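Letters A, B, C, D, E and F name the chains as they come in the text, with residue numbers starting at 1 for each one.
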Amino acid sequence: MLEVSSLGCLRGERRLFAGVSFSLRPGGLIWIQGGNGSGKTTLLRTLCGLTHAMAGEVRWSGTPIQLLGEEYRRELTYIGHANGLKEDLSAQENLLVAAHLVGQPVSRAEVAGALQGSGLAGREHLAVKFLSQGQRRRVTLARLRLMPPRTLWLLDEPFNALDTHAVAGMRKIMENHLSQGGMIALTTHQDVAIQAADVQTLRLDA
Amino acid sequence: MLEVSSLGCLRGERRLFAGVSFSLRPGGLIWIQGGNGSGKTTLLRTLCGLTHAMAGEVRWSGTPIQLLGEEYRRELTYIGHANGLKEDLSAQENLLVAAHLVGQPVSRAEVAGALQGSGLAGREHLAVKFLSQGQRRRVTLARLRLMPPRTLWLLDEPFNALDTHAVAGMRKIMENHLSQGGMIALTTHQDVAIQAADVQTLRLDA
Amino acid sequence: MSKLCGWMPEDAGEMMQTLRYVVFRDVLLAMRRRADVATTLFFFVIVASLFPLGVGPEPKLLRAMAPGILWVAALLASMLSLGRLFAEDYADGSLEQLVLVPEPLALVVIGKVVAHWLVSGLPLVLISPVIALQFDLPRDAIVTLLLALLLGTPLLSLIGAIGAALTVGVRGGGVLISLLVLPLYVPVLIFGAGAVDASAMGMDASGHLSILGALLLLGMVLAPWATAAALRISLE
Amino acid sequence: MSKLCGWMPEDAGEMMQTLRYVVFRDVLLAMRRRADVATTLFFFVIVASLFPLGVGPEPKLLRAMAPGILWVAALLASMLSLGRLFAEDYADGSLEQLVLVPEPLALVVIGKVVAHWLVSGLPLVLISPVIALQFDLPRDAIVTLLLALLLGTPLLSLIGAIGAALTVGVRGGGVLISLLVLPLYVPVLIFGAGAVDASAMGMDASGHLSILGALLLLGMVLAPWATAAALRISLE
Amino acid sequence: MIWKSLDDFIAMGGYGFYVWGSYLVTAALIGAEILMLRARRRAVEKARHVQIILSEQTKHETTT
Amino acid sequence: MKLNWFKYASPVTFYPLAGKLIPWFALAAAILTVAGLYISFFVAPTDFQQGESYRIIFIHVPAAWMSMFIYIVMAGWAAAGLIFNTRLSSMMASALAPTGALFTFIALWTGALWGKPTWGAWWVWDARLTSELILLFLYMGFLALHAAIDDPRRADRASAVLALVGVVNVPIIYFSVKWWNTLHQGASVSMTMAPKMAATMLLGMLIMALACWMYSIAAALMRLRCIILEREQQAEWVANLAKEPT
């Protein structure tokens, strides 16, 4: 379980947000909303420990995440605004390497399956630099299709650049993850209706 | 007037599209649709002369654009998927330099006005690298607010990363441009209803 | 619509304006990092100081090597900063915008090269006498060194720009490119170091210097066009 | 949920796997961009071959300079390729992903350093005898050179990684990195060149070599941690 | 007394250029550091002043 | 005791304390400088080997000492800032760096001016000279890195890592350079002084060194106060400061 208590963040001399508290249980989704620059990305990065909070705490199963380190990182998948793909490697290679690096030894067939599911069949071996913007995003998101998935997904604008078909596909993946007891924290400016038992929203607007 | 006749494009061994023909008159908007990787970006880049077409021709007021060169570039504003901002310069400096480079000598006050209109008041002097994803996109799009605008706008996913408020603002700018006799070619996966007299759609799906 | 597009005067002044703004933009970017210029200088000084550490402190040996050392250091300092001449613009999408500027692309290239030289070439020329003193070069040789660097560093920037443009978003052919561009530096180095060498030995260096000057002229005429062509190809 | 997270064995094998895949990834990438590897190598060759051109053909002078020049060239070549060690990963967002890998970050750093050495250090070691022959070094000295480079170049990669990590996301990183790293390279240069020098003069080089070895051990123990700390700070 | 005259003092036994070059440059550098510190201090003070005025204004606006 | 220590480890309490200390250190520096210069130029006798050129020693050696000492102190503060995460320590480190670099430069400059009449060259590749040059590079690296990172907290931490790496390396560099020079004898000139340093010379040198010390502390504290003000613009206590005369 992810618990966030009275988290606050300063940027430059500006207070981005303060007193953010929520908790996310298995099967729960939190949709972080707010205008451009309201601090959604900063919040997500704080949740995965890349940025330090000025105030408050993030706890995973009761322990502050700084104390957990690797144990916490093992539970989480963060997909940021940047795709994190190497332009010179193919989609297949990118996924294979990424999965192995986080200790998820997938086979080539599994990767091919995930890419196929993302509508990239026939482009598995093309260097990522040749792919279109939306195709790159699809490759990045295909990580979420590789089994067995991490528990906590932190997704920053996952639907950016995706066409409607791909958005629908992603939605299904996310619903599936939630129904299996996963957790998702999500930001998006698009109106995507995700069906889940436990959906919270959090507005960060100043 | 922009005329496109039986344009075709190959990528690798793949035929992206072929036989694309349309014409865009003053006040006209063309919405280029298609799934991820269907060739929308490639088409837009061909329209501004960054990519050469395999077949067919693009004509501006009757002359092929390759023959026009600078004269054509003087008429056009292309906003691609990448923002084209320098991270170390402030929003204000970025806009000033960009405008002067294309021979549009704007004043500081005009730039400040455009930024204000884009909801970036108070952040004019912050280096772009500190801005959020959506704020960067807003800075890029603020070029379209600077007077006097170019005639032909080629916009690749302008609404990416924007919040709903900013999308509405952009829509108004675009409608205004069209009503003044401008032309727009646009790609977007989001459903934005732009009110204009002459709206065409073009589907590129394979 | 004619009102929308006809507002702009088409004259040489506008070309100058584009040029000025390209230079302005790049110098501004460099100035944003106050440390940037100083860092290039220090790099030059450090590289020049490394050689004595490797070769040993004998003044005679060092004096013989000094012209070569100084030129290699200059070449490196200029080359290190060249790598990013177009790469950053390419990555953030502003290179596309520069290519779409309604002036000849070669003009934009000239602007970028001038800015590069102002930021990384000129300071280096100015500090070179101090380093020449560390190697105990005679006064004549120091003057020649200054002149040679003044002619040579812009040439390095011009040649380097071609390489930088070719390697923007390379597709495979990269090995060939480095094969082509790196050897182009060699003449600059040979004549540059040769001039200083000659003058350190009390001979006339004007032959070497005039060859450098001729190369510079040739470079100024040809390199911007080659760079512009290379950029268009890379962006395709 | 326990099923979701409990599938993974936690053992040393897994750490090895992470290490192996970091190395694999970076070497693969380098192979895709063979131009980079070639440029490093070329640079080494050009810097080293320039001196005979600049200094003149006296074999005695050349032989005296050779160890120093070869080592400085190696230093600079290794440093040139450092700029890309983390910068590209940072720009495309994959550095964040590497930091989030559920193994100690120092392990990832070791992987990247190993890959960097394989790609830019090793080829240089392998080509060095050829260049040493150009300078007419005796056979013993060439063997010593090989050994010294074999010990020294990994150390260069290790020290360089700290500088690369500190300059991640900093503009002008390429030049700044050299300002940070080159002074730290000095001991490697001195003992490396010293070893070759000693052996060229017919003396025993094992003292120098064992100091290099000791420095390498020290570097292997300390540098990955410093680099990991620097990376975390840079990503903050 | 070591020095016969002021000229003798300035000449420093023929090493005047080197000795005074050392001391005067040192003095100049230290003086420059002090001046730069002063300037920095003044700049901070000015920025702070502006900010205080601004914050007082906004306080005023929000209360009224 | 412990409480007291941490009280002064916070910028809020240290700021006024520093303000009170600065005049005293500045005064001490001024008095010691006058005394030191008097001894250097009017008391110390002429050196029979080098003539008057040796009088450079009274600024050269203190500057060289300070350059090395300040680097170590700076690295110590940087380490404290990194480990205990105290803001003040990191600020102290960045306040010391420019002064240290300044003294390094002075040591180099005066050394070069001394070398020309003594050795006939502005510069020789001697071990001590070379390691002082490298020390200048290390300072410059620290300053450049700090200036290149915009976020002050990040800049503090990154340059602290660099300072620590440097401190591990400084002895290695020092000894390697020393060894390097002894290996290649030959034309290099070794630094020799008058056989027996007269007591007055030593006294002058020590007093000048003390003066440099006092000056460094005063300058670092002044810079520290500026840094505190710059960084804590928005903090309430800084705003309150303005209402009281400083």
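Everything below uses one rule, namely that a residue touches a chain if its C-beta (ideal position, glycine included) is under 8 Å from a C-beta of that chain, and two chains touch if they have at least 3 such contacts.
All of these numbers come straight from a predicted model, not from anything done at the bench.
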item: Shared chain contacts [chain A and chain B, defined touch]; value: none
item: Steps needed, at minimum, to go from chain A to chain F via contacts; value: 2
item: Reference chain A; chain at largest CA-centroid distance; value: E
item: Whole-Å gap between the CA centroids of chain A and chain C; value: 44
item: Distance between chain centroids, defined by C-alpha means - chain C, chain E (Å); value: 37
item: Chain C residues counted as touching two or more neighbouring chains; value: 29, 32-33, 35, 39, 42, 46, 53, 56, 91
item: Of all residues in chain F, the ones touching two or more other chains; value: 134, 137, 140, 144, 148, 177, 180, 183-184, 233-234
item: Touching two or more other chains - residue numbers and ranges from chain A; value: 81
item: Footprint of chain B on chain A - complex, ascending; value: 11-12, 34-38, 40-41, 81, 119, 123, 126, 130-135, 137-138, 157, 160-167, 189-190
item: Residue numbers on chain C that touch chain B, as the complex places them; value: 1, 4-5, 7-8, 14, 17-18, 21-22, 24-25, 28-29, 32-33, 88, 91-94, 96-104, 235-236
item: List of chain E residues in touch with chain F within their complex; value: 1-3, 9, 12-15, 18-19, 21-23, 25-26, 29-30, 33-34, 37, 40-41, 44-45, 47-49, 51-52, 55
item: Chain B to chain C touching residues, read off their complex; value: 26, 48, 50-52, 70-71, 73-76, 78, 80-89, 93, 97-98, 100-105, 127, 148-151, 180-182
item: Residue ranges of chain F touching chain C (in the complex, touch as defined); value: 121-126, 130, 133-134, 137, 140, 143-144, 147-148, 177, 180-181, 183-184, 186-188
